[in-house]
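Okay, so chain A shows up in both of these, paired with chain B first and chain C after.
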Partner chain A sequence: MSRLLEIQNLSVEYRRGRQVIPAVRHVNLTVEAGETLGLVGESGCGKSTLALSILKLLPETEAKITGGRIVFEGRNLLQSPVETLRKIRGERIGMIFQDPFSSLNPVFTIGNQMTETLVWHNLSHPSRKARELLAQVQLTDAERILSSYPHQISGGQRQRVMIALAICAKPKLLIADEPTTALDVTIQKEIMDLLIQLQKELNMSVILVTHNLALVSQNTKRCAVMNAGEIVEEGMTGDVIQHPHHPYTQTLLRCVPSLAR
Partner chain B sequence: MLIIYWRRLLKNRLALAGTFFITLLIMIAVLAPWLSPRDPLQQDLLSRLQSPSRVHFFGTDDLGRDVFSRVLYGTRVSLTVGILAVLISVLVGTSIGLLSGYLGGWWDGVLMRSVDVLLCFPVIFLILMAVAFLEPSINNVMIIIGLTSWMGLSRLVRGEVLSLKERDFIQAAKALGVPSRRILIVHLLPNAISPIVVSATLGVGGAILTEAALSFLGLGVQPPMPSWGNILTVGKDYMHIAWWLSIFPGLAILVTVLAFNLLGEGLRDVLDPRLET
Partner chain C sequence: MTPLIEASGLTKRYRTGGVFGRQRILAALIKVSLTLQEGESLGLVGESGSGKTTLGKIIAGLLDPDEGMLTLAGRSSTTLKRLDRARFAQMIFQDPATSLNPKLSVGTQIGEAVRLTGNRIEEVEVWMDRVGLNREMCTAYPHQLSGGQKQRANIARAIAARPRVAIADEPVSSLDLSIQAQILRLLSDLKRSLGISYLVISHDLGVVAALCERMIVLKDGIVQEEGETSNILKNPQHPYTQKLLSSIPRLRTGS
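The block that comes next holds the complex of A and B.
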């Protein structure tokens, strides 16, 4: 397998006035082509900041990348010009967010938003393509969905629409930032199954950012555990969960509630 | 969406009254040549300063011109100036507000401090200065009013953008590779449209008042072309003997501005996202 993404020694800080808060500290992480990598950690550990910095989507006025390299397909994203970066976003790297409701523009119908994005990626026949994409994310009632506003469809359907948008240009890497956290458990499973299926179909890599260990153990081969801005443990998911080395991972595993108890 | 707004508007009686009157005004402006019984410029020195009668509904002025016809034609001036001036102001104010809010940082500081400085000048003083350099004409009046009234709107739009750009769908659009220019126009602007519409509607009333004031001072629309403001100027000199010269154009201004304000306030309620059903 070849290396698709390589994060080297990345540090990110948040600055508010004179206060400096390090959010990511000297992180090294690689993603191989076609693999699913889990990135686990508690809220505020820096996992979302790390995910956002890959696409340089951090708020420029507050967040600052203080060092390191993010090499994607042999190119350092941190030094790429804005225009190159814009092409990479969506076309080579897709991203889906936690809350599918606020990720869709409330004043447009789903159809409008999909064709808008498709046109931007120079895809021909946008309305036919939109239907194909909806079928790909297993949304059957395409006509109704396309003519609905975001508030008129369910949370699971919205997340499927977001996934459809994220994969429209067949990206090589999909960053899923807490993709199922806002959904209930049965829908969570459906969305994860869909993501894994799409990953195989499109042969893309997925970074699954989550605080949910069960999700990681079910769906990923390799995972990294983050705490206080650093990656404390990295390895095959089975090993990490069965034989955690770092005390933080051990604590994290102990916190998972079990039905058996 | 539009249907919901329309239904809400129909329920709001005051806004409906405003809409009705504005429609009427627009029709009067368009149909002025057919509605007015006489040529508004035609003088008839034998029937000067006649009080309202069946022949002259609003009486005649100091040169024997029919005040009713002049007020009807004045509608054209007032509406054109009011609406076009506001369009200019919306264009400038919205662009500056969008840029300021979206770019943030240094740009935001410079743009908003300039707005602060402009807001410090009394508007009428700015306008008088501008008119002193340019010649008074209906086009100049429009442009000047437009260019001196966008500051409030730009602040309003900036505020909207500041809150909107933190929302996830803007982030999501960026993650999908949509360019900034496109995000501004396609994603931010439509979400900020309601306060712009409300402010613009209220602004039309203000612009009509300013135009009337300028014409009254002799710096706006030049005689003999009739405008409500310059009919009032003549009326002022004959206030004691010919009340109709001041009352009718004054009423026209009052009712028109009121209509736009009612519609503006109505729209504010109608477009309020907190209202459900």
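The block that comes next holds the complex of A and C.
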């Protein structure tokens, strides 16, 4: 396996007025080509900040990357010019977020927004390509979806549209930040199954950022547990769940609600 | 024994759209019946749009059903006054940040509930102890508390009115896992020590399993399955319940 992404000694701070909040502290993390990595932690642990810093999507006025390197396909993203980053975003690294409703523009149809993205990525025959992508994310009713506004389709369908957009340029890495948290459990399972299937089809790597340990245990081979800006444990998912070393991981595992009484 | 809650044939329809679009009538509940015995807790399980919150609100008296009968401790709900309903059932909402009044201190809000019971205001501190809040937080405002503390204050506000039933609508959904476990433990301790009944509305079967002896599975406003929680979890009969159970991600302990 070859190394796709290597985060070295990354630190990120938030500055609000005179307050300095360290959100990510000296984090090292690697993602191999074609693997699915789980990044687990509770709110405020820094997992989303870490995910956003990979694409340099953090608000520059508040967040500051104070040190480290993010090497993707041999290039340090933190020192890449904006134009290069703009090409990498979407083309080499795709991202999907928790709430598909706020990621789509409410005043344009799905077809409109898909075409815009496809044209941006210089893909030919955008409207045919849009239909192919919808089929790939298992949305059968392509005509209706394309002519709908985001509020006219269901949450699961919106997330499928977001996934279709994220994979349109066949990225090598997909960052999925709580992709199923806003969805019902039955839909959650469908979306996770779809992500794993696409990951195999496109041979891409996936970083699954989530608070849900069970989701990670079912869908990833390797995982990292974050707490207070640091990675406290990392390893094969099965090992981490069966023999957690760090006290924080142990606590987290004890809190998973069980259906057995 | 008279059941605490007896509902039969509850139906509720909502009108949607209207201003620009076509008006549509959406049936949120269709002929739902249930009973809750004293001291027992019941889970209402379903996904978004299943009607579980509508059902909870009707029982709390926040919504009127279009059809059906609701009997609370042997009396028809239509004959009960607002204050009687407030003393019968209290709500614990999902988002503690928006269900507490941001302009009133925590103590004042719990105090309002204490006054409903006619008890002395000193009882506020007793309730704060019971839910594990520091007494000094009495004068704090909701924004000064963490999410878990807010939900504790919310629970204190609900149970300080000494209701027969507390209706908890997704009581832990907006909290982190470790805080969820604490709040669930608090709710089951309170159930034991106060003998209160819960109506737990949740999409999370784990939450219902932790708090309720019996459960009802709702989908599209219709009861799909009803029975003892442990039986349904072990041996779900309805295809929808089976799908729901198989969709839940579980910790894989084997590698």
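As a working rule, the second predicted complex is superposed on the first by the 261 of 261 C-alpha atoms of A that agree within 3 Å, B and C clash if a C-alpha of one lies under 4 Å from a C-alpha of the other, contacts with A are read in each partner's own complex, and residues count from 1 in each chain.
To be clear about the criterion, a residue touches a chain if its C-beta (ideal position, glycine included) is under 8 Å from a C-beta of that chain, and two chains touch if they have at least 3 such contacts.
A quick note: this is a predicted structure, and the numbers were derived from the prediction, not measured.
Colleague: Once the structures are superposed on A, label A:Gln157 by its partner contacts, choosing first (chain B), second (chain C), both or neither.
Modeller: In the superposition, A:Gln157 contacts neither chain B nor chain C.
Colleague: Just checking: does A:Val107 make contact with chain B only, chain C only, both, or neither of them? Give me first, second, both or neither.
Modeller: First partner only.
Colleague: Return first, second, both or neither, reflecting whether A:Leu165 touches chain B, chain C, both chains, or no partner chain.
Modeller: A:Leu165 sits against chain B, while chain C stays out of touch.
Colleague: Touch check for A:Gln136: first (chain B), second (chain C), both, or neither?
Modeller: A:Gln136 sits against neither chain B nor chain C.
Colleague: With both complexes superposed on chain A, which partner does A:Asn227 reach: first (chain B), second (chain C), both or neither?
Modeller: In the superposition, A:Asn227 touches no partner, neither chain B nor chain C.
Colleague: Once the structures are superposed on A, label A:Gln199 by its partner contacts, choosing first (chain B), second (chain C), both or neither.
Modeller: Neither partner.
Colleague: Report the residues of chain A in contact with chain B in the complex, numbered from low to high.
Modeller: Per the touch definition, chain A meets chain B at residues 55, 57, 60-61, 86-91, 94-95, 97, 99, 102-108, 116-117, 120-121, 149, 162, 165-166.
Colleague: State the interface residues of chain A toward chain C in the complex, per the touch definition above.
Modeller: 42-43, 155, 184-189, 192, 211-215, 217-219, 236-239, 241-242, 251-261
Colleague: Tell me, which parts of chain C touch chain A in their complex?
Modeller: The contact residues of chain C facing chain A are 47-48, 176-178, 180-181, 184, 203-207, 209-210, 229-230, 233, 243-255.
Colleague: Which part of chain B faces chain A closely enough to touch in the complex?
Modeller: For this pair, the touching residues of chain B are 1, 104-105, 167-169, 171-179, 182, 186-187, 190-191.
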